[in-house]
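Chain naming follows the written order as A, B, C and D, and within any one chain the residues start at number 1.
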């Protein structure tokens, strides 16, 4: 029985498997459901200043078992309504991390001030959605912007701030360093990879929005590369995201340097029970390999640790 | 890894059939005007489907919408679309040869084991009830149908229900056929007249709630085919959340006993932004 | 019978299927083999100033049928020896595009001057290899660098210059614009996506170099997105690359705006005969959809063309 | 898409068996010192393999190298490694329990149809010839072996060849056993002594070329198991180019008639940078 509970900077999680933002994250009941299924924490859908319907359908395109393209367009009920959903999840005992998105440092700070008092244990800043005009990658691709936004939020709220980094960049570690400089408690990576699908029969993009973001197994190599590079350049913890659907995938992330991981697309393949299964399988795998705890495997693939 | 992105239904609810998650473009092979406001589109789509399941159907240039399969049992599948908002109104004008995108089928199915079934359909609800009733009748079950509409010409699939040997009782808001008023009244009466092993219902949620409450004293299990705003249909995006469930993978068919305890059942749904919106307020 | 021959700016190709750099590109006989198998043109391995052995093995990791991670490390015989390989391919009639990589504008220009007289019809500049220190993305991620390198090569040689762009960037179109400003005849996209694989049993990266680049079906969405975005922002033609293994994949790229495509990893899945098959299948598919030529499908998915 | 990244052999050459492209970590279950400079490592690796095929074997911390399977017919596969450079020297010290990465098997195989086979092996070449000869002998073919080495203790798999019922004739450079000199001399003699349907050879390329030329007058087809620097083993990176072929997918076994016309056969190979290097100049 390996020790599954982890610390991610100031956060204590019962296990390293966190529900990723945008999956089961609009309603409090769903967040609670993911928690009940065994998630170590749950991240809310990214919440903005006002209610947003998101893009029209089609919003997703599937590639069988290796990938999923989506352009939801950051639908969310808006910061005014959303606290009641967090309240539902909290009543059920869930450890909730609030995700927010904004167009600039000020909007992020305002959202943070409204989200913090709801009892979320930390805020994750969406600096990385690849398909939302004026948000996400558009405000999170330059270290200076990341530093400004993270700094503004850190100054605005007393709870830990996690910067969620884009993979659509030559230097993810540079963005992570900016977040660290600005006082982030942790960095999470990655969000989806910018992608497009075209229907040749109808000669048009499949998604109503055109561009979308790829998630699922296909992006695991990219996510691992980002975590690997970031781990070498910052001292705050990294949360690994991207294509995790087995305990083995998660262990790759841990060994690459992640202190915890987020799981998204796998929920559509394996159902929400994936959280309980991942924890169980990781436990057995750590035992087999002789690691006494999740923490002891973190960064194990880096030369200094080998 | 071998499980495609198919949506994974929750244990303890019905089994969902394995689904084809990848989109296929199909051509409309047949178009039938069912009522003045409702059209059926048929197309060749080989994946197996069960009565109760739905597809995500993409009307290129317009929206992609969830639609129950109104024909499930051959490769020639069909959907029956009622004119509501912009997209479903545009659909009324699609002709043979039009191309649409299909993914699915998604969701669970009606359980066909019951021997005496009361079917209660309102509006376009008959679209999903008809293939289920047909399958049950073919297995030798007794099927009784309470069918409601605003007015006589809008009674969907009346002839189809009759030709499967079902007893059909109708209700119209304006009394132009059958009982004047809501189909729930007819359902109440039928529940008192005959013993049933199951009630299947699809229609406005307020109607389904009434049917469910009416059947409670008699102890007849009620199965409701529910609707929520849908985006991914893969149990991921949370758009279709209904209490702890996701209609796209845990439903659309739920036993009423699961729905009645939910504060939102019959009362509110969520708009595309995820805001809770009371029914009737849109 | 759709017209398969295409023009890519000044280049005339007998069909749009070009052998991508790094695949069958070290020996003249292999280049000739790809040409004989039906490729519309062949791109050489990226050639540098001196012979380079590349990284030690393992240099590749396979993900079954959807992706392949490699870190070859730009092995190549060096510009002094390589012309004899080009000569072999040219003797056999192949249309050869020379690929070069360098650490700065000057090195690129020098290489270009040595490569141009060998009879290559164009030069493709590798500004995008994601795992070679001092080369590739390290010199191709900033528009100013791209402009300087492309400009230096354009001034150095009389033949058309193609800038090969990285997907590991927030704004591929910005890099393409820089190439256009500097006088490139075309832009090609994409190179591989930075990735990593970890062996949990041995707690170390699988590839000897650690970081590598992902190719194959998994990167098709990313490649299409880049081509889509680039097409809208430049007037010179785009060559689409990434995950093309069927005519349908190629048609997606054409409709997204590519005037031709390069094919790499598919050679390991379908063999070199993939070139003949792609041309045959694309012909039939264009016929079925009513396009008289490859050219008539280019950009067909863009709103202005629908 | 269903074809994994397996390498796709060219039409007109032998069939390559479908391969497992994904790497597996296995444990060494047995270690046998075959000669003073050669060790066999056995490990459990279930994918089917044919005599002639090779695997890419990763010695973590060291290199990944192509190695012929010296044991192919059960789940307990094996490779037999001769000490050459740094990695293969390190391999000599690997013990039971050591973990190595395997992908493959790759490449084609020896054609077992011939009824009378002359096997000509030099140095570690016997590693790939032994399982092939074994399989042929088991099918009832007559197997005659010409085995060469620098000195008697280095004669690889001599006992193994003998125990399969083969006639074994040896040559050593120093005359410490059998004929003094090259194994090609022995092969020449055997070709004159007996009729053969096929010659299989593996060893230094210069040796194989000699064998091929010697068999030409008699009209006996010769099959050479060739080596080139390998990286991907998937027919992609071009490292293993040999004329128009890629040894990893079109070979490693080639009919000599395909090789003899190539200017580089027996003369040059390519170093890891792709430069052409004459044999013996490394």
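Note that a contact is a pair of C-beta atoms (placed from the backbone, for glycine too) under 8 Å apart; a residue touches a chain by one contact, two chains touch by 3 or more.
All values reported here derive from a predicted model rather than from experimental measurement.
Centre-to-centre separation of subunit A and subunit C, using mean CA positions: 32 Å.
Centres computed as Cα averages put subunit A at a distance of 35 Å from subunit B. Subunit B and subunit C have CA centres that are 50 Å apart.
Averaged C-alpha coordinates put the centre of subunit B at 65 Å from the centre of subunit D. With touch defined as above, subunit B holds no residue shared between interfaces to two or more other chains. Within subunit A, residues 63, 66, 201, 204, 217 each touch two or more of the remaining chains. Judged by the touch criterion defined above, the protein chains link up one after another in an open path, with no loop closing it. Applying the touch definition to all chain combinations yields A-B, A-C, C-D. Per the touch definition, subunit B reaches subunit A in the complex via residues 1-11, 21-23, 25, 56, 58, 60, 63-65, 99, 101, 103, 230-232, 234-239, 241, 243-244, 246, 249, 270-276. Every residue of subunit A that touches subunit B in the complex is listed here, in rising order: 22-27, 29-30, 32-33, 45, 51-54, 56-66, 68, 70, 72, 75-78, 81, 199, 201-202, 204, 206, 208, 216-217, 245-246, 264-265, 267-273.
Of all the residues in subunit A, the ones that touch subunit C in their complex are 63, 66-67, 69, 137, 141, 166-171, 193-198, 200-201, 203-205, 210-212, 214, 217-219, 221-222, 224-226, 228-229, 248, 251-252, 255-256, 285, 289, 297, 300-301, 305-306.
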